[in-house]
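Working notes, structure below.
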Amino acid sequence: MHAGKGIAILERVWPVLVLVVPLMAVVVLADLYGSVMFQRTVTDALIKIVLVVGLYIFIGNSGIVSFGHIGFAGIAAYFATWMTCCAMMKPITMTGLPDFLRLETYSLWSTALVSVAIAGVAALVIGLVLMRLSGLAASISTLAALFIFHAVYANWDSVTMGRASIVGVPTYVTVWVALGGAVLAIAVAWLYQISSYGLATRAARDDEVAAQASGISLYWNRLIAFVLSGMVVGLGGVLMVHFQGTISVNAFYLNLTFITLAMLVVGGMRSLAGAVVGVVVLTSVADVFRRLEAGVDLGAMRLSTPVGTQEMFLAALMLLILVFRKDGLMGRRELRLPRFPGTGQGREAP
Amino acid sequence: MRNFLQVMVDAIALGSLLALVALAIGLVFGVMRLINFAQGDYITIGAYALVVPAASLTPTLLIGALPIPLMVAGVLLVVVMLALATERVAFRPLRDSDPATLLISSFAVSYFLQHMIMLVHTGRPKSIGIGQALTTPIEVLGLRVPGIQVVTMGVTAVLLIALVLFLKRTPMGIQMRAAAENFQMARLLGVPANRVIAMAFVISGLLGGTVSLLLIVQTGTLDIRMGLMPVIFAFFATVIGGMGSLVGAALGGFLVGVSSVLLQSYLPEGLRPFRDAFVFGLVIVILLVRPKGLIVIGAARERV
Amino acid sequence: MTPPETAAEPRPTRLQAQNVHVSFGGIRALTGIDLTIRRGEVLGLIGPNGAGKTTLVNVLTGFQAPTEGRVMLEDQTLTGMKARDVARAGVARSFQAARLFRDLTVQENLVVAALGAGLPRRAAEARAHEILDWIGCAPIAHLTCDGLSYGDERRISIARALAMGPSFALLDEPASGMNETECAALMQVISELPAQFDCGVLLIEHNMTVIMGVCQRIHVLDGGRSLAEGTPDEVQANPAVRRAYLGEKADQVALTI
Amino acid sequence: ADDPIRIGFAIAQSGWMANYDAEPFRGAIMRIEEINEAGGLLGRQIEYRVSDTRTDQQYAATVGQQMVAEGVDLLVVSCDYDMGAPAALAASQAGIMNISLCAGDPKMGAQGVGPYTFTANNSGQTEGIAMAEYATREMGIETVYILEDLSLEYHRSAVAGFRAAWLQDRDEASILGRDTYMNDDPSIASQITRLRGLDPQPDSLYMCSVMPGGGSAIRQIRAAGIDTPILGCTAMVDNYWLGAVPGLTNFWLPGFMSLYGDDPRDEIHEFLAAYEERWGEAPGSSYVINGYSMVEAYELAVSRAESVEAPAVTEAMEAFTDEQFLAGPSTYTPEVHILLDRPYLMMNVEDDSFRAVEIYRPTLIPDMQLLFRIGQ
Amino acid sequence: MLDISELTVRYGKLTALDQVDIRVAGGEAVFVVGPNGAGKSTLLKTISGLLRPASGGIGFEGSDIAGVAPEKLCQRGLALVPEGRHIFRTLTVEENLLVGMMIRRDKAAAKQDLERILQTFPILRDRFRGVAGNLSGGEQQQLAIARALLQRPRLLMIDEPSLGLAPLVIDQVYASLKDLNAAGLTLLVVEQSTARVLDLATRVYVLRSGKVVLSDSAEALATGNAMEEAYFGYAGRESA
């Protein structure tokens, strides 16, 4: 029971290390030897990790599936765009912006911070209303919130340019920056998870009634999770827009919502490791299929699958994973230091 | 006044269509906690079944070329088979997963089906002109009601009543609700639970096929995403109606459809683009006021 | 075992239900119940199935609003407060089903409750540890709760209520599904509670051995009304109680178990 | 300079965008092959390769960067601003020439993506202008009702152009109303109710939309007994969707070319014959011509600049004035990298087919305000 | 009637039942007792088809039923009241009972049975149209037992019938079971507490850690303390 202090600390940070170190390794490899395509795939995956880990902070801990978080990514991304984009065009095309956005351009650091904070504020405002609800009613209202976000941003021409893409956002997100984002997200998620707030939120997930009887406020604990995860997802949005250089409202809508949720569930909705593993697995599989579809040279023969089969395979694979691992690839476990089995029955702690 | 009545007719017609979709979503949810997004693809595939599967842009009719009774039966059969196949292959093995996993698996099924259609038909919208006669309006008391709207309202009313009676009164219906709630226990009591749950999918297939036909007559177009928005609206409808209550689902469908039409009709021009934002805002308000939905069935609230 | 350190103000000595009525539509689950739980005692609550025992606990803990009447903690009115605030005021409970947080570890289950009572993290961990030690569950502290044996589940659910450092602990059928050995151990635990935790206990049980063995007083409900209250011997001898609840073999049961 | 000129196509070969990119791509290949057969451009053969963007903006950027890294002289991007811009941006930032097959958004140019970006199509506004002018001048239409599909920016641009041209000769009162809908609305009954409630009824209906919502809306409008001329926009060209509205007549729009044998221009007939010979089937979409003329434009600019370097080619392109390409005379300026007055073939539906009516060249040249829809 | 031989059941690595042999003749009332986690519930679940055995055979009236679906077994006259009641919370009390009656072909007799059951458990009549999820714990237990009785099985298995019941009701339940047993219903009952067992039982099995550690006729066990010894052998950790 009484391990040394060093081991105790290692035990605490291990679940983060074990996720972060392999990611670093991949990034180093990509940086040294990868093609543009590979580097960009890795960067994209790291940004997805930020998004999915952000989702996990709320969904995994509260047990409430949120369909609305991609909206916070959108809000942050648009704000970052307004702060940094196209100094020439902005005053003409985005006339509805307040002067401090329309006429000025800000540094990337302050932009990132402010945008993430804006996502947090948005999450706070929405959370104040929606966290009264629980279960399916909460889920569906977050979906409603996403639709509202979309309807507003798609038609608020004077500041978002409607559905059109805005082009010319500075692209500073390299694979290293994305790695930084992913590490930050993972660390934040882990710290939250083991904090008192995280613990209380997870308790409420397992049994709302018993949690109330234990003196826990469902509302405030979930609200904290909601805001924090809104901010992390917002960070994902900021990275996305500065990676791609363009932004449009449709990029922050159902497709991204579905794919990120799918990654989370396939990896394991109830474990931080699951969030990361889900992204890695689905991205790699999609990448392999994409290469197959593009064709593989086998000597003189060129094998390629018909267009569209890739998506069908991916869908089938997701189903298979879910059928054989109901709680996702990671189940409900985190990757912990192996320890000596305890006495008595029951499962090992996650 | 007449204009208002006309708007109400439009509103109820759209409400009926969404109510039909919501019934299917609500039924399957009631039976296995599955919010079946693939319901949208049932609708889409039902519609595509009318034409020969081919990449060509101007499709030739397949089932659509049959005499009307056969055509209707054909579409329903296709969709029912599809619903059964998805149940057997994808949803049955996942039966005791939690709702989130089931939901994601239905995304996967939907994604699969969508790309299957794309593979066969290409992603390009197609057109198909059947049921022309049904689209011509009938004048009733100075109101202009397209035949298809009348049909939609009638079909919805009939199916809703039939379904409610089926679930409340028939042994199969009670068994279905029992299996819905506790699958293993139902089996212990001799309920052929697999068959009973498959039955729910058969019904959702019938509803899906009906919606395919109604939509096709109304729009004359085929598109791989044609089922998506109705299903998303129905999803909202089912929740605000009260999960697990079919009448609630239908009511929710009406409410969403009606409010969408009313907003479209009465919002000032500048705000009309934000119509959907208002509809969804309304959804949130309803849920805040009634978190369990409009119709709360007795035991929806768990007793401590 | 240290009493909760939040005891800056004097701990309440009485939890009272005053003229509590509850009806669900036409069903009158409770009719004019007056009941007082005193700190330092174990009060038994018995009665036939459907008598309203669980409902009364729900009223006392804020999970059920009474249609009439009120709940007092010393001089503080609890009626109308949210369940969680009642819990924070010092009234903890367990449930008829264990209702553990099943993805958390045993230790974490207790920590959550201690945090809920307002302790800082460190103190909460320490208290959880202490209680687990005391109740004999320290060896399973790091196991997750799904997969625990039934008896362990029941004990942890009591321990969790205790982790709040409550002034009053309301336990709903803690011994159901336990065998004789476990019942004996449980009786030991319950009878030590008032002293160890400086609290009052309300115990609902159908197991007469347990009830008769640990309660100083027993309150009997029947059909939502109070039927009797008294010492175990008085209650056991009460013919109305025997007719409504215990049955004629009562003595025999108490003897053979 | 013996090594070939390399053209990369970062276009959609899967996903919904593939339908819009496929035909212009074939058209472009035809021109490339003709050039190579005739000895090449600046004496160099043209080599091309294509990579699928899968109708995904993020992935389009990746494909664009990959192609740039592999070294292309020209990057051709999707026939749509949103889908094409990410790849175009990659090329622009690397100082490489890039042209969209047929995007209709002026931001696909110097003010949006970057200095080396062009598109081989008229602006969306120009379509609206052409339709409004034609309706006014040749069809004798006095009043109009506007029904706007909100789901694409393109529709809004066309409507903006339409309004601007319409209001040249008349006042607001001649626009009897305006309504909106979403492309995926299953029913537009309430819009029709509003339209039917107008008194007087409009002479015509301007409706910019695409399939499937466009076809569905027209079906519902006609079913409601509204027979006024419908003025549409180019995206609804070609017969493939007419099945939705059997017996449709009086539907007008500005098109590129007729695929149905009645195009007034001989060179179009030759092109169609050549197409059938090359691909073994008739083209499915009249957008094909944009791809062909896109390569024509690049060819002309490169031969004038005698270089494939982006600055030189850009300068040559910007000097285009009414250069005669297959799709019609084309003009670019240093400010505007999109076409503003390439003539249209006006078309009308009769006997379940589009019919060529006549060539019409819009006269109103949209200014920057209109192009970027400022204050609209 | 029921003939279980060398039955082994596993949950993953954990062996819950290990080479268990149990025999129940027609008309018997056999009890299985044992401490927590002994595998009693596992045994009943396996017989009723909810779990698949890892090895071993389960003979029911001469045919092997290992792995046969529960709904099929139910039709052959096997009923189980599982641990944890498992009433249909969203259905009414009436509908719960109806589901139990659905496999009956003799509808008229089933109606009579329903009457009789409602007399035994009057509370169910009071709550007949109410939603079952609102019942109190003990009321739910009564509903679960009533529902199984309505199936009119030939072999009735009950997992802890007395759980959460008031003493008086326990007496009633046991009295009913005794009557039914006398009328020919074969019983296989799991109980935690050994107190009432000997009154009704013809034979008793004591299960511990997945193994049968004792089996004997009730009369034999009533005298002497073999049963206590087997039961408490090295039972609960905390008592040790």
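Letters A, B, C, D and E name the chains as they come in the text, with residue numbers starting at 1 for each one.
Here is the rule we use: a residue touches a chain if its C-beta (ideal position, glycine included) is under 8 Å from a C-beta of that chain, and two chains touch if they have at least 3 such contacts.
Quick caveat, the model's predicted, so the values are computed rather than measured.
Number of steps on the shortest path from subunit D to subunit E, with steps defined by chain touch: 2.
Most remote from subunit E, judged by the distance between CA-atom centroids, is D.
Most remote from subunit B, judged by the distance between CA-atom centroids, is C. Interface comparison, A-B versus B-E: the pair with the greater number of contacting C-beta pairs is A-B. Subunit C and subunit E have CA centres that are 29 Å apart.
The distance from the centre of subunit A to the centre of subunit C, with each centre set as the mean of the Cα atoms, comes to 43 Å.
Rounded to whole angstrom, the centroid-to-centroid distance between subunit B and subunit C, based on C-alpha atoms, equals 48 Å. Spacing of subunit B relative to subunit D, judged by their CA centroids, is 37 angstrom. Looking at subunit E, residues 37, 130, 134 sit in touch with two or more other chains.
Looking at subunit D, residues 18, 150 sit in touch with two or more other chains. Under the contact definition stated at the top, the residues of subunit B that touch 2 or more other chains are 273, 276, 302, 304. Interface of subunit B with subunit A (complex): residues 90, 93-94, 96-101, 103-105, 107-109, 111-112, 114-116, 118-119, 232, 235-236, 239-240, 243, 273-277, 280-281, 283-284, 287-288, 291-293, 302, 304.
Remark: subunit A residues 196, 199-200, 202-203, 205-207, 209-218, 270, 332, 342-350 touch subunit C in the complex.
Contact residues on subunit C toward subunit A in their complex (touch as defined above): 61, 63, 82-84, 87-88, 92-93, 95, 99-105, 108-109, 111-113, 115-118, 121, 124, 139-140, 142-149, 152, 160-161, 164.
Against subunit D, in their complex, subunit A makes its touches with residues 35-37, 40-41, 44, 88-89, 92-93, 95, 154-155, 157, 161-165, 167-168, 171, 240, 244-246, 248, 250-251, 290, 293-294, 307-308. Interface residues of subunit D facing subunit B in the complex, by the touch rule stated above, are 15-16, 18-19, 150, 178-182, 184-187, 189-191, 193-194, 196-197, 211-213, 215-216, 219-220, 223-225, 239-246, 284.
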